[in-house]
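Okay, so chain A shows up in both of these, paired with chain B first and chain C after.
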Partner chain A sequence: MAASFTLRGALLGVSRLRCRTPGPPAGAAGLRFVCNAGPEERRAGIIESTEEYKFVERLIPPSRVPAPPRHAGVTPSGWSPPADSPPPLPYVIRRSRMHNIPVYTDLTNGSRKMTLIRKVEGDIWALEKDVKEFLKEVTGKELPTQVNEVTMTLKVKGHFDGELKQWLTSKGF
Partner chain B sequence: MLRYSLVICGRGVAKRFASSFSGESALPPNLLLPTNLVDPDRLKRPPPPADCSLPVLRKCDAVIPAHLSPVQTWVETLESRDSEPLGLAHLHPDVFAVPPRLDILHSVEIWQKNFKRISHANTKVRSEVRGGGKKPVETERKWKSPSWKHQISDMERRGPTSYYYMLPMKVRVQGLKVALSSKMTQDYLHIVDSLNIPTPDSQYLLDLIKHRHWGESVLIVDVGEEIPENILQAAASLNTVNIIPAIGLNVHSLLKHEAVVLTLETIKFLEDKLLWHDQRYTPLYPFKLPYSDFP
Partner chain C sequence: MSVPKKPGGKALEVLQNLPRITLANLRPEPGSKQREKKRGRGQHGGNRSGRGHKGERQRGTRPRLGFEGGQTPFYLVIPKYGYNEGHSRRPQYQPLSLKRLQYLIDLGRVDPTQPIDLTQLVNARGVTVQPLKRDYGVQLVDEGADIFAAKINIEVQRASEGAIAAIERNGGGFSSSPSRSSCAGSLSQRECCQGRIWSHITQIAENRGYLADPEKIRQARLALAQKYGYILPDISKDELYHMLSMRKDVRQIFFGLAPGWVVNMPEKKILKPTDEKLLKYYSS
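Showing the complex of A and B:
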């Protein structure tokens, strides 16, 4: 009974569709198609809502590295924040984008060990002098170094990344 | 272009030599001046002193590192030819006071020139050269060495070749920063509050540039697509004054034009976009897809 009722309603709707001039899209026609069944069977139309998009938005990742939270001293992982004011030295070594000391080791030709200090600003020759003095105390040898003034980097022969990182952190960089 | 710039540069200097020529104020036609001459009129306006009374119209939004201080420049106006600067602007040192890496500037300029290049030079290979082929009927056999007259090596120019390559994004960004810093330190960068001019007259623009000794070619950069009609009309007929949107800023245009004029909104846009690269993650997915805090 209900099926025949809706079928008659569907046929009526289809005939109305044919004699009507092309207007609203098929979705709206489909709506009317259902609504033609009768006023007591009228359901709500399609509602567009963007309120649930906030659940998608909170999943989209950020593109910037966040600033680390305030720590007083060394963290359990060994990381320590830079000093609030730059130390009174003629050079400055900036932190990397992940807030680490920019000292890296390099191994080329199978056995050539080098340590690279990047992101130096200011008087790089004063830094070279200080690094040579510090490594003389640590190893007892005069290590060859290479200063690149264009890229503002310092290379030292040998792997000394741990010692240099600790030394630079103690200076406040 | 070089000779023209020589004449322009030499004009200020040649005034001093003019008295040595008998009764002539025109430059002699065979005058040869070195290319690194600086026009003394350009150096008349020094950078703003520390105790300037003009208001600071723009401060840096981004955090400046503790060991650096912002770059201070005048903010001028294009309203009238003889107007005084309106105030000062603070520019971020990591965009406008970067060390002059000429190697990065060179590599970005060469990349910009070559990555679009497709050379259509083509030569025919031996199979494509006209003529030749097997003889239809076998004639008297004589032993002959093969003739290499029409042979073409496969190694020669072959078909359209593309010279496309991409420099890393950070290198290209650093190139822009180095170019802007170079313009800043050489006094070729001018900041303007807005691009409103009173008349759409090209001569007004030329007079203004001449009076303020900006240089012979000016690149005007504005943010967005709504550029005032007057300045668009004035610059339309000039080939040494060009207006571009801020997204179109590139190293080749910065080097090609002598002076660069930026508005305050342009500076904010450039600082946002260029400083973001110093603190961004490596891309998880291409940056054209949405991120929550993309600049």
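Showing the complex of A and C:
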């Protein structure tokens, strides 16, 4: 018994290795399950149950992003669901995997600020025109933009992620 | 609404009609590549080659970084002090703001109708805990306490007072307990839970510790409600009262599961031992 207590104090992996050589001690049934009783006696000493399995299912991490529950409007955290039908515009901006608006800021070389709109489908030049008009109203300046037709992204000089996200949610994307 | 499916548009059309691109057809954009400076050649690169005139500068024998000509340098004048001493042994708690928790609940990643635990938060990918970096759990930060509006039963390791107030104001339940996995190692669970490391957190009602006196917790809830100026809602009359008051046993790691149970995952069954010796061992 004393030997089993000192073994328990050590790391589990080391204790398992040490336990194999001297043979199973009397009281440490939990470390190495060596049962001298017959198979029928062993099965009779076990209760099977299925009610607590839901607690086990709760522990398994899901492998897919769950669909968000239905909300009427803006949620308390500021997230708002996309409109049920896409708005009647020549372009569409899909939501990201985590159901958010795909507008991101970038900072390169310590001082180059850019805003990136990803996941654009349709007429990207019309989106560029609308974005330039909207930012002209917001800032009063003509901001340089870059359209990448292959990756269907739009880059704007400066950090405008807050304004662009709000504008796109108001459009219903 | 016209949404042409073909991506790329005009650029791809142009590419399809031009001849094949090879190394012979490519050229960098004029003005994009600048010639590099060659030292020791020509009128401007030659002569002293940008090294200056005589002295340590030209001869490359300058002293080490930080040397101040013999005056005691700055990095030796300032005395040593153990600000960072033992920093790699200090317990760290990953912060979780109430704003992020509300965002997770709104997007359906965390279920407010079940008790929220460290396992639930990690499964929802709401926080990332790194035990190898001395992370002992999660702490609640009260950023977003004014927009928080969810009734939840949450158990984390630490929380600021404002965060506890925000949760209780919305009629939720809060408790703090050490994450049992952090007690792994040489100390046994019992010694760890009652040790001096955790006693100031787990036994104090202000933190709603799991070892604290329930009467003191009730008084602390009232005191916090008065301090932050809200009426404490009576959760015993709530329909979810049973879920909100669910607390784990002192030595329990997972809700609803006890040590010693074997889980049969393909058949979705749990096998529990009935032998006395085994039960005694697993509850010791």
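Quick note on the criterion: the second predicted complex is superposed on the first by the 115 of 173 C-alpha atoms of A that agree within 3 Å, B and C clash if a C-alpha of one lies under 4 Å from a C-alpha of the other, contacts with A are read in each partner's own complex, and residues count from 1 in each chain.
Throughout what follows, a residue touches a chain if its C-beta (ideal position, glycine included) is under 8 Å from a C-beta of that chain, and two chains touch if they have at least 3 such contacts.
Not measured: the values here are computed from a predicted model.
Novice: Hey, is it chain B or chain C that touches more of chain A?
Specialist: Counting residues of chain A touched by each partner, the higher count goes to C.
Novice: Could you look at A:Glu121 and tell me whether it touches chain B, chain C, both or neither (first, second, both, neither)?
Specialist: both
Novice: Would you sort A:Arg64 into first (chain B), second (chain C), both or neither based on which partner it touches?
Specialist: The first partner, chain B, only.
Novice: Quick one: is A:Met152 in contact with chain B, with chain C, with both, or with neither? Answer first, second, both or neither.
Specialist: both
Novice: Who does A:Pro86 touch here: chain B (first), chain C (second), both, or neither?
Specialist: So A:Pro86 meets both chain B and chain C here.
Novice: Is A:Arg94 touching the first partner chain B, the second partner chain C, both, or neither of them?
Specialist: A:Arg94: touches chain B, not chain C.
Novice: Is A:Ser77 touching the first partner chain B, the second partner chain C, both, or neither of them?
Specialist: Touch partner of A:Ser77: chain C, not chain B.
Novice: Using the superposition on chain A described above, determine whether A:Pro144 touches chain B (first), chain C (second), both, or neither.
Specialist: neither
Novice: Go through chain A and flag every residue that touches chain B in one model and chain C in the other.
Specialist: In chain A, residues 60-62, 65, 86, 92, 121-122, 150, 152 are touched by chain B and also by chain C.
Novice: Considering only the defined contacts, which chain C positions touch chain A in the complex?
Specialist: 1-4, 7-12, 99, 102-103, 105-109, 114, 119-120, 122-123, 125, 144, 147-150, 186, 188, 254-257, 260-261, 263, 265, 268-275, 277-278, 281-282
Novice: Which bits of chain B are touching chain A when the two form their complex?
Specialist: Against chain A, chain B makes touches at 65-67, 99, 101, 103, 276, 278-281, 284, 287, 290-294.
Novice: Show which residues of chain A lie in contact with chain C when the two form their complex.
Specialist: Against chain C, the touching part of chain A is residues 9, 27, 29-30, 45-50, 52-56, 58-62, 65-69, 71, 75-79, 86, 88-92, 98-99, 121-125, 149-150, 152.
Novice: Okay, in this complex, where on chain A does chain B touch?
Specialist: That would be residues 57, 60-65, 84-86, 92, 94, 97, 121-122, 150-152 of chain A.
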